[in-house]
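Below are structures written as structure tokens.
The same subunit A turns up in both complexes below, where it pairs with subunit B and then with subunit C.
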Partner chain A sequence: MADGTAPRKLIFKILRYNPKVPGDRPRLQSYQLEEADGMTLFIALNEIRDKQDGSLAFDFVCRAGICGSCAMMIDGRPGLACRTLTKSLGAEITLAPLPVFELIADLSVDTGKWMRGMSERLETWVHLKEGEVDLRRIEERMDPDLAEEIFELDRCIECGCCVAGCGTARMREDFVGAVGLNKIARFRLDPRDTRSDEDFYELVGDDNGVFGCMSLLGCHDVCPKQLPLQTQIAFLRRKMVSQGMK
Partner chain B sequence: MKVVYTDVLVIGGGLAGLRLAVGAKRRGHDAIILSLVPPKRSHSKAAQGGMQASLGNVSKGQGDTEDVHFEDTVRGSDWGADQEVVRMFVNTSPKAVRELAAWGVPWSRVRKGDRQAVINGQKVTLTERDEAHGTVAQRDFGGTKKWRTCYVADATGHAMITAVADRAIAESIPVHERKEALALIHDGGRCLGAVVRDLVTGEVLAYVAKATAIATGGAGRLYRNTTNAVICEGIGHAIALETGVAALGNMEAVQFHPTAIFPAGILVTEGCRGDGGLLKDASGHRFMPDYEPEKKELASRDVVSRRMEEHIRKGNGVKSRFGEHLWLDITLLGEKHIHQNLREVWDICHYFLGVDPVKDFIAVRPAQHYTMGGVRTKPTGESPTLKGLFSAGEAACWDMHGFNRLGGNSVAETVVAGMIVGEFVADFCDKPENAVTVPVGLVQDFVEREKAKLDAIANRRGGEDPSVLKLEMQDLMSSQVGIFRTGEDLQKAVDGLQKLLARARNVGVRSAAPGPNPELVTAYRVQRMIKLALTIAYGALTRTESRGAHFRSDYPRRNDAEWLKRTLATWKSDSDTLPTLDYEPLDVTRMELPPGWRGYGAKDYIDHPDTPARAAEIEAIKASGKAPDRFALQQALMPFEHLLPEPLRGRNERIDEPF
Partner chain C sequence: MDTTQDVIAGVGLADRPRKSRWPARMDFAQSASGLVLALFMWGHMFFVSTILVSKDAMWTVTKFFEGYFVLGASYPGVVSVVVAGVLALIMLHAFLAMRKFPANYRQYRTFLGHRRLMAHEDTTLWWVQVVTGFLLFFMAAVHLYQMMMHPGAIGPYGSADRVWSGRWWPLYLVLLFAVELHGGVGLYRLCVKWGWLEGKDPAASRHRLKVAKWVLTVFFLALGLATLGAYMKIGHEHAARAGERYTPAWVVPNPQEKAP
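Moving on to the complex of A and B:
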């Protein structure tokens, strides 16, 4: 290693299961790998697949912590594998797929389907005012601070860590998760969206929405983008309570 | 055999594909998007710094127009671009920013009054106009005369694709995720869809469509060191090439980005330098002004990358156990600016380098970044040789980037080409003569052929190891077909790749397990990737000049007399081991901006014989004084508006050019 010490021998215990293989059963499989400087789980898993086991399934895309593809359970905690350095972990590393989401195989889960379903339900897009925007004209002005506030919430990468870390999501199949609630908070802020609190109440004013949250706030702790989920959920709940009282 | 029918099949769920599909859908045509990954995970997401559009809102952008953007883009391309397409692009880009603003992209906005900035290493105070307050802001980028790059902090692509992917959901456009196109279905003249593999189940099926669009992004993973995402393997390019009919343009034009973090290769945005960051060597010396007194760190990417490698070769690199690198210094921008506007950069430095860019220098070295070449199209986005095949974005050679793309013009191209080509795809589908009845026999033949290829690989034990083939290909490309190229190295690359191609025909896997089978995926992709690598290496070997990012140490001058032409590569037969190269000349007599010096980089080039006459003609038109304004003058030099779809025509309003 860089400091002259001998590299560690890492043991990876990886949850293996390919539902497409008849008779396959979930099991932990061990792989041994010599640690290298700057090794991330992206580097380690690819080395295992290239040199030891071509059938190991996992998902990486950007490998830079911005696309949200590679969320998995790392020693029992949801996180982005691509930016997790092995040196931050012990010599024995346990990897498992995110819970809640449909399993594809091994460490690969279908977050895309879940997120699309959530987006369709919550209509996570700006509901424009009537009439087309004239693209030739100067854009509508927006306060620079407000643009930054919206961006702050718009930073969500839909990785699924918050859902995997959520108590309610384990119990309620249709719970929209912190990811969904954060999106509602984001569109509430956006003056371009014509929806009112009455409309948002229709979307999240129940136990599958903001009232399903038990305030365990695992979501807030595991969010790789440090989104302010705790304050946003609390704020949204207050707004929805007062809407519900109307 | 399972067949899915749709009007428009879009291959690729990044920004270009999504926007194109929205355009076609709004015109009443059903579109299905195929995507390797959920769309919001596409490589479009990785665009950090911003998109160029000549809004001219900030003080340093005042006076900017389509004309200035046009000239910057053509100079950046080293005159390789199609100037009519550049005009279509620069006129639409402001409209694209404004459309995205309406769709919810939280563009960073202008704040009136004084603010501190860093320009050329000096702290300066800039004053923004009251009337610009709240409009979309611009930052500085390389190779531009004005501040033109619109941005959302340093997560512009992220914000754009979030809005556009959600817009596609709003328009009820289905995205078939984890589906890969293996081959285009065609009859030699007409494209009719694609053979597709489900990456979850392994099932092979057919999609038949009136119009098929390739929007699969770049091919960076042909190289060992690249900023590109792992899915950018050029398979969209390759399946077009494998038709033997569609051509790939200018594949030898490969961009290397100056600031990939070392050694991981992850991009840190050009916005670092645009906002005032400096490049420094082992002794802490700022070296770019020594080489490029005009634009310094903000010359075009091809020039900065070459200067950095040159400086390392002279012995000024920082030595490390992984090799040599240089430093990017953004400490002078201050903590507040970095945490607000360069937040991703901070994250990347923190997680992958373990440094804090507020206090520490960032280790950087150029890495492969962008594929200027792609599926050759007409200005409509359609292949000139394979009817019904369209392409948009990085996968296309439309061709607005020529031999070097400017920073901020790629993510701009995705949405602009999506808007424009989406309209032309809809026009195509509107025509009754383009209706398709499913040609069952032809579709069956294509599906059976692909299945047979997959079976052959899956059942071959003890064949060539796909990951070894891929690594050897990547090493050849990075070592022999990189920033500095010579005939000798390129010949080695071509020879080596041809050997790899022969070996790849015997590729096998260790397991034929059903389902995702990632090893099988690598195996069938690597066969195609090696062909694509050969189009790059062979195109580079044949082009005996230097232009933009294609730099031949043995032919260091740009040679307009012989090489002002676009390379067109086709792969005529599966038994071939080299592409067939043809050339399409660029017509100087119709250029709005005839070739000259770029304003940075080498001043030495060989003129085209038509250049002096065309330059004189343009001077005469300008001097005649007949044109009442810049629009009339532009129209006299090179009319383009007739090329745009009707809904996208028209001028762009600015604070300084009110309607």
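Moving on to the complex of A and C:
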């Protein structure tokens, strides 16, 4: 290693299971690997797949914490494989697929289907006034501070970590999760979106929405983008309660 | 059929076209009732712990709540009314909080697996609240019913006799841990849930809140254990004369009243 110490022997215990293979059973399979400088879980998994087991299934695209594809349970907590250095973990590392989402195989899950369902349900797009769409018109200026606030929430990469880390989402499959509530908070800020709190109440004003959140803050603590989920959900709760009291 | 509303709600269309406002009201009521109960719990602990100061101090607090110093005579019924209010508030809070409990085997299995795997403090603390909340359904109800029906038996000797000779101390021991853990975690959760005391740095505020929560929990547990121990000691010493009421030496017996 760069610091002159001998590299660690890492043991990866990886949950293997393919629901499409009849009779397949979930099991932990062990792999040994020598740690390298700057090794991430993404690098380690590729090395295992290239040199030890070509059948190991996992996802990745960007390798830079932007696409959200490589989210998985790392030693019990959701995280991005590409952003997790092996040196931050023990010598024995357990990897499992994200729960809640449809399992494809091993560490690979289909977050897209869930995210699309959530987006359609919460209508996570800017709602303009009817007939106002004019692609030739110059967009109205936005206050830079407000734009910053919106961009801050727009950094969500829909990796699914917040959903997998949420006790409510684990128990209640209709719960929209922090990702959904964060999106509502984002569109609520957007001056181009004509929806009022009354409209947002129709989307998240129930126990599948903001009132289902039990404030366990698993979402906030595991978000790989460090989004201010605690603050946003609390803010949304206050707004939706005051809307509900009207 | 009774009304149009019954038919519409009966087939699951009550939320059309406008979503019900009840989830918002229930969410608010759950937090509000929890806040009042938690603050009551702390106040209650301070009042009962006056026994650590002296029997006279505890007697004075008891009589104060019975209106003795204002009305000139003791009216334990006042305590009964307050206790009935607390019991009603607990029932409301329990009813609202139960919505969040796991509801079936799958949910229990999933949540417990999730808690173990995540090893996340706030998730575990929520489970502590579920377990202690469940215990409180029974233990708080038993205690409050006794207080509501026998408010006049509260006092340095009356309470101590109940704790020791009446064998209530095992219940109070478990109740103390259940209520302090439940209320302490609940107050912390209220702050993060509604964004109270968040300040400019929510992460630092949350850390401070959690430290404050544990300091307060340990303080009230220590105070509660010392208080329970004091009642047990007095009850043990007074066992032979259990049932006798305490009257401070400086109180001039009121001929109109049997026993202050």
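Methods note: the second predicted complex is superposed on the first by the 239 of 246 C-alpha atoms of A that agree within 3 Å, B and C clash if a C-alpha of one lies under 4 Å from a C-alpha of the other, contacts with A are read in each partner's own complex, and residues count from 1 in each chain.
What we mean here is this: a contact is a pair of C-beta atoms (placed from the backbone, for glycine too) under 8 Å apart; a residue touches a chain by one contact, two chains touch by 3 or more.
In this text the structure is predicted, and so the values were computed from the model without any measurement.
Peer 1: Under the stated touch criterion, which partner chain does A:Ile66 make contact with: subunit B (first), subunit C (second), both, or neither?
Peer 2: First partner only.
Peer 1: If we overlay the two complexes on their shared chain A, which of subunit B and subunit C does A:Ser196 touch? Say first, second, both or neither.
Peer 2: Neither subunit B nor subunit C is touched by A:Ser196.
Peer 1: Which holds for A:Arg77: it touches subunit B only (first), subunit C only (second), both, or neither?
Peer 2: After superposing on A, A:Arg77 lies in contact with subunit C but is clear of subunit B.
Peer 1: Look at A:Gln52 in the shared chain and tell me whether it touches subunit B only, subunit C only, both, or neither; answer first, second, both or neither.
Peer 2: Neither partner.
Peer 1: Now for A:Gln32: first (subunit B), second (subunit C), both, or neither, which partner does it touch?
Peer 2: neither
Peer 1: When both complexes are superposed, which of subunit B and subunit C contacts more residues belonging to subunit A?
Peer 2: B
Peer 1: Return first, second, both or neither, reflecting whether A:Gly112 touches subunit B, subunit C, both chains, or no partner chain.
Peer 2: After superposing on A, A:Gly112 lies in contact with subunit B but is clear of subunit C.
Peer 1: Contacts for A:Gly218 in the overlay, against subunit B (first) and subunit C (second): which applies, first, second, both or neither?
Peer 2: second
Peer 1: Under the stated touch criterion, which partner chain does A:Gln230 make contact with: subunit B (first), subunit C (second), both, or neither?
Peer 2: A:Gln230 sits against subunit C, while subunit B stays out of touch.
Peer 1: Of the residues on subunit A, which ones does subunit B touch that subunit C also touches?
Peer 2: none
Peer 1: Okay, in this complex, where on subunit A does subunit B touch?
Peer 2: Touch list, subunit A to subunit B: 2, 18-21, 37-38, 40, 49-51, 54-57, 59-69, 83, 85, 104-105, 108, 110-113, 115-116, 119-120, 123-126, 128, 133, 135-144, 147-148, 150-151, 154-158, 187, 190, 192-193.
Peer 1: In their shared complex, at which residues does subunit B touch subunit A?
Peer 2: So the residues of subunit B touching subunit A come out as 37-38, 40-43, 45-46, 55, 94-95, 97-99, 101-104, 106-111, 133-137, 152-153, 155, 158-159, 162-163, 166-167, 169-170, 175, 177-178, 200-202, 229-231, 263-264, 266-267, 321, 340, 344, 347-348, 351-352, 354, 467, 471, 509-511, 513-519, 522, 648, 650-655, 659.
Peer 1: Mind pulling up the subunit C residues that touch subunit A in the complex?
Peer 2: Answer in residue numbers: 15, 18-21, 23-28, 99-100, 102, 107, 110-111, 114-120, 122-123, 126, 189, 192-195, 198, 202, 206.
Peer 1: Could you please specify the touching residues of subunit A with respect to subunit C in the complex?
Peer 2: Listed in rising order, the residues are 73, 76-77, 99, 165, 167, 170-172, 201-202, 205-207, 211, 213-218, 221, 228, 230-231, 234-235, 237-238, 240-241, 243-246.
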